[in-house]
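Presented below are the structures under discussion, each in the form of C-alpha cells.
Two complexes come next, and they have one chain in common, chain A, joined by chain B in the first and chain C in the second.
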Partner chain A sequence: MLRFVLHRLAYAVPIIVGVSLVCFLLVHVAPGDPASALIPDDTPPEIAAQIRAAYGFDRPLPIQYLTWLGNVATGDLGLALSTRRPVIEEVLPAVANTLRLAAGAIVLACVAGVVLGTLAAYRAGRTSDRAISAIGISGMSVPQYWLGIVLVIVFSVELGLLPATGMGHPDAGLAGQWQHMILPTITLATVPAGVIARSVRSAVSEVLQQEYVQALEAKGLPAAWIVLHVAKNAAPALLAIMGLQFANLLGGSILVETIFAWPGSGYLLNSAIFLRDLPLMQGTVLVLALFFVLANLAVDLLQMALDPRMNSARRGSG
Partner chain B sequence: MIHDQKTLAAASPIRSRGFLADMGRRFAHDPITLGAGGVLLVVALAALLAPWIAPADPNATSIVNRLRPPGTPGHPLGTDELGRDLLSRVIWGGRLTLFMGFTPVVVATLIGGFLGILAGYAGGWVNSAIMRGMDVFYAFPSVLLAVAISGALGGGLVNGLLALTLVFIPPIARVAESVTLQVRTQPYVEAAVATGASATRIVVGHVLKNVAGPILVYASSLISISIVIASGLSFLGLGVSPPDAEWGLMLSSLRQSVYVAPVNAVIPGAMIFLTSLCFNTMTDGLRHALNVKE
Partner chain C sequence: MSKPLVQVSDLRVVVRGADGPVTILHGVDFSLEAGKVLCVLGESGSGKSMTMRALMRLVPRSATISGRVLIDGVDVLALRERELARIRGSLVAMIFQEPATALDPTFTIGHQIAETVRAHEGASWADARRRALDLLELVQVPSAARRLQAYPHELSGGLRQRAMIALALSCRPKVLIADEPTTALDATVQIQVLLLLRELQRELGMATLFVTHDVGVACEIADEVAVMYAGRIVERGSTEEVLGRAGHPYARGLLRSVVTSDLVGTRLVPIDGSPPELSALPPGCSFAPRCNHAIERCSAAVPELAALSASHRVRCARLGELEPAIPHAQEVST
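The block that comes next holds the complex of A and B.
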C-alpha cells in the first residue's frame, strides 16, 4: 500500500515539471516576447534592449526557465502587466470563486447522474431507461456556452427570476450571492451529469448481472439492501469517472464564467488573453493545471483506499 | 491463450456473415442512429452546397432590417444585429464550424495514431519518451489547453486548429498505444516475427489492420467534442474572425441582443447542439454495431 502511494506520488513529480515547462513555453511561443506588451512601439531599440535585460528576457531560455521555476516554487508568479499587482494575488481569489461554482456543480452532477443512471440500470430496456439515455446524451452533447445563454433568456430575461450576470456584492457571503450561483452552477453541471449518468448506468447494470446479486435476490434480501451491495461494488469505477469530470468542470468554467461574468479563474484567463497580459495568463493556466494534477492524484489514492483489489493487482504487477 | 480462443470463437460467426454486411444490418435496425445520420447528412450537404442553396448573401448587411424575428417574409429565421439573413448565415456557418470540428480530429488521429502505435510496438525507452510526453499534455483539461494555446498564439482560424489538434493528439495516442500493446502479443504477430518478417511489414500488414478499428471508433467520439470546443473558441473571440459566418461567433455577437431578439440569439447555438448530439448518437450506434465495449 505504502509502496503504491509513494510510486503514485513520484509519478506526479515529472508531470508537474512537464506542466510547468508547457506553461513557461506558452509565453515564448506567443508572437513577440513577454516584454513587447510593456514596450511602446516607438521606443528606441537600445532602450527596448535595456528593458528586456532588466526583466532577464535576453538570457538563454533554459536559464530563464530555471529562474522562473525557482520563483514559482516560492509562490512568486510575477507581476500582472494590466494591474501591476502580483499574479498570485489575482489568481488565488479567482480560483476560490471558481471552486465555489465547481463544488456546487460536482455535487449536483453526481446526485443527478447517480440517481438517473441507477434508475435507468434497474429499468433497463423500458421507456424510462430510454428517456434517461436521451437526457444523458443530451447533457453530454450540449455546448455549455449556449445552454447558459438559454437559461439567462428564460430565467432572467423572460421570467425575471434570477440575475443574469455577476456574483452580487463581494462581501455579501453565500446568503447574498446564492441567487447569482444558481444558473452558472446548473450550466456547469450538465456535461458531467450526462457523462456520470451514462457511466453509472453501465456500471450498475454490469453489477446487477453478477451472480452474487442473483444469490442475494434468491436469499430474499429486500431490494433496498441489495442496492447497498451494488453501490459498494460499482463505487471504485464511478469514482474514477467523477475525478475525470473535474477536468470538464475546470475547462467548462472558462466559457461558463465568461457568460455569467462570474469573477473566477476562467473569466480571469479570458481577460488576460484579451489584454495580452502574458504573465497573468501563464499564472492562471499554471495554477489551474496544477490543481487538476493534484485532484487526479487525490482521486487515484482515494480509489485505491476504496478498492482493495486494485491494491493487490498493482502489487502483483510490480 | 484461453482468452485468445474465446475472442476468436466470438468473432468467427460475425466474420462468416461478412463484417460490413453485418454492421450495415445492425445500423438499419437502429432508427435513432439512422435519424441522427440523416440530420448530419442534411447539415453537411447544406454546408457543402451553401453557395447554391443559401437564399441570400450571408454578408449583405441591411441596417433597416436589423434583428427581425424568425418568420419575417424573406427571412425565415429572421436577421442578425447587422440585418444579415440568419438562415443564409446558418447554412454558410456550417462550413467553417464543421471544418473546424473535423480537421483537428483527422490530423490528430494521424499524428496521435502514429505516435501511439510506435510507442506500443517499439516499447522500451521509445514508449516511455512518447507516452510520458503525452501524459504532460493530458494533465491539462482540454478546454483549458485549447484556450491557453490559441490565446498565446493570438487567436485566429489557423491557431485555433493548431490548438485543437494538440489537444486531441494525447488521448488518441493513449488509445493507439494500449490497443497496439494488446495486438503485439497476439499469436499471429508472434508467427510473423518467427517467419522473419520485417518490423515495417508486421506493423503495416498485421498491427495496423487490427488497431485501426478501435482507434477510429475512439476518434469519431471526439468529433462532437471538437465541434463544441472549436465553436467555443470562436465564441470567445479566439477562432474564426468576423465577418465570417461561424455558429460560435454568431452566438457570441447575437448574445448582445438577448433582450431584443432572444429567439434569434438561440438559433446558432441550437445548431451546434444539434450537430454535437447527432455525432454522439452516431458514435453510440457505431459502438453498438461494432460490439465495442467500454
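The block that comes next holds the complex of A and C.
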C-alpha cells in the first residue's frame, strides 16, 4: 500500500515538471516579447534593453527556465506586471475563492448526480428513468453563461432574493458571503451534475445486472444493505469521474466567475490575459495545474483503497 | 409418508419480451420431502434454473410468477418483500452455478458469510464471524481463518464454491437449492464438491433441489429425478425408475447421450435438432418435432403426466406403446 502510494507520488513528479515547462514556454511562444507589455512603444532601445536585462529576458531560455523553476520551488512566482505585487499573493487568494465555489459545486453535483442516477438505474426503462435522463442531458448541455445570466435575472433582478455579483465584504467570512455563493455554485454545478448522474446511472445499472446482486437477494439481505454492496462496487469508477469533474471545477470557470464577478482564479486569469500580464498568467496556470495533478493523485489513491482487486493486483505485481 | 417440505403446483412464469409475453414455465408440479434430494435434469433453456429461481421469487422484474409454492407451510408467492427476505437464506438457500460472479468481489468471504448471519439472526459481528469460521471449516476450506479475510478473486474456483456453499448453509436452511453447482469447476474439483455436498446434505438433513444437465451427477446423489423439457416436467420418479426405465423419448435420448467407458468403439447417439424457441412452441408435445416416435396424435394436445407406477410419471402421448427397453448406443456397423 505504502509502496503504491510512493510509486504513484513518484509518477507525479515528471508530470509536474512537464506542467512547469509548458507553463514557462506558454509565455515565450506567445507572439511578442514578454517584456513588451512593460515597455511603451516610444522607449529608446537602450532603455528597453535595460528593462529586458532587469527581468532576465535577455538570457538563454534554458537558463531562464531553471532560474524560474528555482524561484517557483521557493514559492516565488515573480511579480505581477499589472499590480507590481508578487504573483503568489494574487494567485493564492483567488484559488482559495475558486476552491470555495468548486467545493460547493462538486458537493451539490455529487448529491444531485448520485441521487438522480441511482434512482434512474433502479427504475431503468420506466418513465422516471427517462425523465431523469432528460434532466441529466439538459444539465450537461445548458450553456453556463446563459444559465448564469438567467439565474441573475430571476433571483437578483426580478425576485431580489440574492446578490447578483461579487463575493461580499472580503472580511465578512462565510457567514456574510454565502448568499453570494449560491448562484455561481448552482451555475457551476449543472454540468458536473449531469455528467455524474449519467455515469452513476450506467455504473449502478451495470452492477445491478451482476449475478452477485441476485445472490445478495437470495441471501435475504435487507434492501438497504444491498444498496451498500451496489455502492461499493460502483464507487471506484464513479470516484474517478467525480474527481475529474472536481479538478475541472478547480480550474475555475472564466465565464462563470466573470459573469458573477467572483474574484477567483478564472476571473484572475481573464484579467491577466486582458492586461497581457504574463507572469501572473504563468503563475495562475501553474498553480491550477498543480491542483489538478494533486486532485487526480487523490482520486487514484482513494480508488485503490476502495477496490480490493486493484489493491492485490498491486501487491502481486509490486 | 410424511408431509412434503416443498410443494410446487402449477408453477408458471411469463416474461414480458420485446415481441410480447413468452411463457418460460408451463405449469410445473413437484414435491419434495425433508432430507431428500431431487435432481432436475434438462438442457439449457429447458426452464430448470428458472424453476429454482421462481421458488425463491428471484426472477427479473419483467417476469410474473403464478401457481403455488409452499415451502415448510409458507406460501412463497403470497409473501410481501420483507417477509420474502426473511425466508431467503434462512428457510431456503441457493448455491449459484458460478461462484466467481455470484460472490461480491469487493467484500471478503468472511464478511459475506457473516452479514447473512447478522441479517437473519441479528448476531454481533464477532459471533457472526465465529460462525463464518466454523462454516468454512465445515466445508473443508484449508486454513479457514486466513480465508475469511480473502476476497473472492484470491481463491481458486473450488475454494470459491466451497465458500458459496458455506454461505448458503450459514443460516441452517431446511431447503437447499443448488443450481448446477459443479458445472463451472474442473472435473477433479467437481467430484470433490459433489461429494462434499452429498455429505453435508445427509449430515444436515436438508431437502435439496439439485439442478444439473449431467446424468452422472444425478445418478450419484439423487433420490428422485425430474426431467424438464421446454418449460415442462416430462418425466419424474425415483432415480432408479427414471434413469433405469425412462419412459419419455426425450429422457431416453438424454440418457443415451451419456458417455461411459462401455461405449468405446461405438458411435454416440445425439438427440436430433435443437431445443424449441420458447416463444414459438409447437402445439401439443413440445418434443414431437425432434421425436422419432412422433405421430399425428402427439401434436394434437399437450399430453398429461401419466402414471407408470405410484411414483413414476411420464408426459408422453404414446406411453405404453413404445418398447420399454432403453436402447443404448448402437454398434458402429461400418
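Rule of thumb we're sticking to: the second predicted complex is superposed on the first by the 310 of 318 C-alpha atoms of A that agree within 3 Å, B and C clash if a C-alpha of one lies under 4 Å from a C-alpha of the other, contacts with A are read in each partner's own complex, and residues count from 1 in each chain.
Throughout what follows, a contact is a pair of C-beta atoms (placed from the backbone, for glycine too) under 8 Å apart; a residue touches a chain by one contact, two chains touch by 3 or more.
Not measured: the values here are computed from a predicted model.
Asks: Once the two structures are overlaid on chain A, check if chain B and chain C clash or fit side by side.
Replies: fit
Asks: With both structures superposed, pick whichever of chain B and chain C touches the larger number of chain A residues.
Replies: Of chain B and chain C, B contacts more residues of chain A.
Asks: Looking at A:A96 after the superposition, I want to know if it touches chain B, chain C, both of them or none. Which is it: first, second, both, neither?
Replies: So A:A96 meets neither chain B nor chain C here.
Asks: Regarding the shared-chain residue A:E211, is it in contact with chain B (first), chain C (second), both, or neither?
Replies: second
Asks: According to the stated criteria, A:L288 is in contact with first (chain B), second (chain C), both, or neither; which is it?
Replies: first
Asks: If you stack the two complexes on chain A, which partner ends up touching A:M140: first (chain B), second (chain C), both, or neither?
Replies: First partner only, chain B.
Asks: Touch check for A:F274: first (chain B), second (chain C), both, or neither?
Replies: first
Asks: Contact-wise, after the overlay, does A:D307 reach chain B, chain C, both or neither (first, second, both, neither)?
Replies: Once the two structures are laid over each other on A, A:D307 reaches chain C alone.
Asks: At the Cα centre of chain A, what angle separates the centres of chain B and chain C, to the nearest 10 degrees?
Replies: Superposed on A, the angle at chain A reads 80 degrees.
Asks: Least CA distance chain B-chain C after superposition, rounded to whole Å?
Replies: Superposed on chain A, the two chains' closest C-alpha atoms are separated by 13 Å.
Asks: Taking the stated contact definition, name every residue in chain A that is touched by chain B in one complex and by chain C in the other, in rising order.
Replies: none
Asks: Residue numbers of chain A touching chain B in their complex, please.
Replies: Residues 14-15, 18-19, 21-22, 26-27, 29-31, 137-138, 140-143, 145-146, 149-150, 152-153, 157-158, 202, 247-248, 250-252, 254-255, 258-259, 269-270, 272-274, 278, 281, 285, 288-289, 292-293, 296.
Asks: What does chain A use to touch chain C in their complex?
Replies: Contacts found on chain A: 210-212, 214-223, 225, 229, 232-233, 306-309, 312.
Asks: Which chain C residues qualify as touching chain A in the complex?
Replies: 56, 58, 81, 84-90, 93-94, 96, 98, 101-108, 115-116, 119-120, 151, 153-154, 167, 171
Asks: Any idea which chain B residues touch chain A in the complex?
Replies: Against chain A, the touching part of chain B is residues 132-133, 135-137, 139-144, 147-149, 151-154, 224, 228, 231-232, 235-238, 248, 251, 255, 258-259, 262, 265-266, 269-270, 272-273, 276-277, 279-281, 284, 294.
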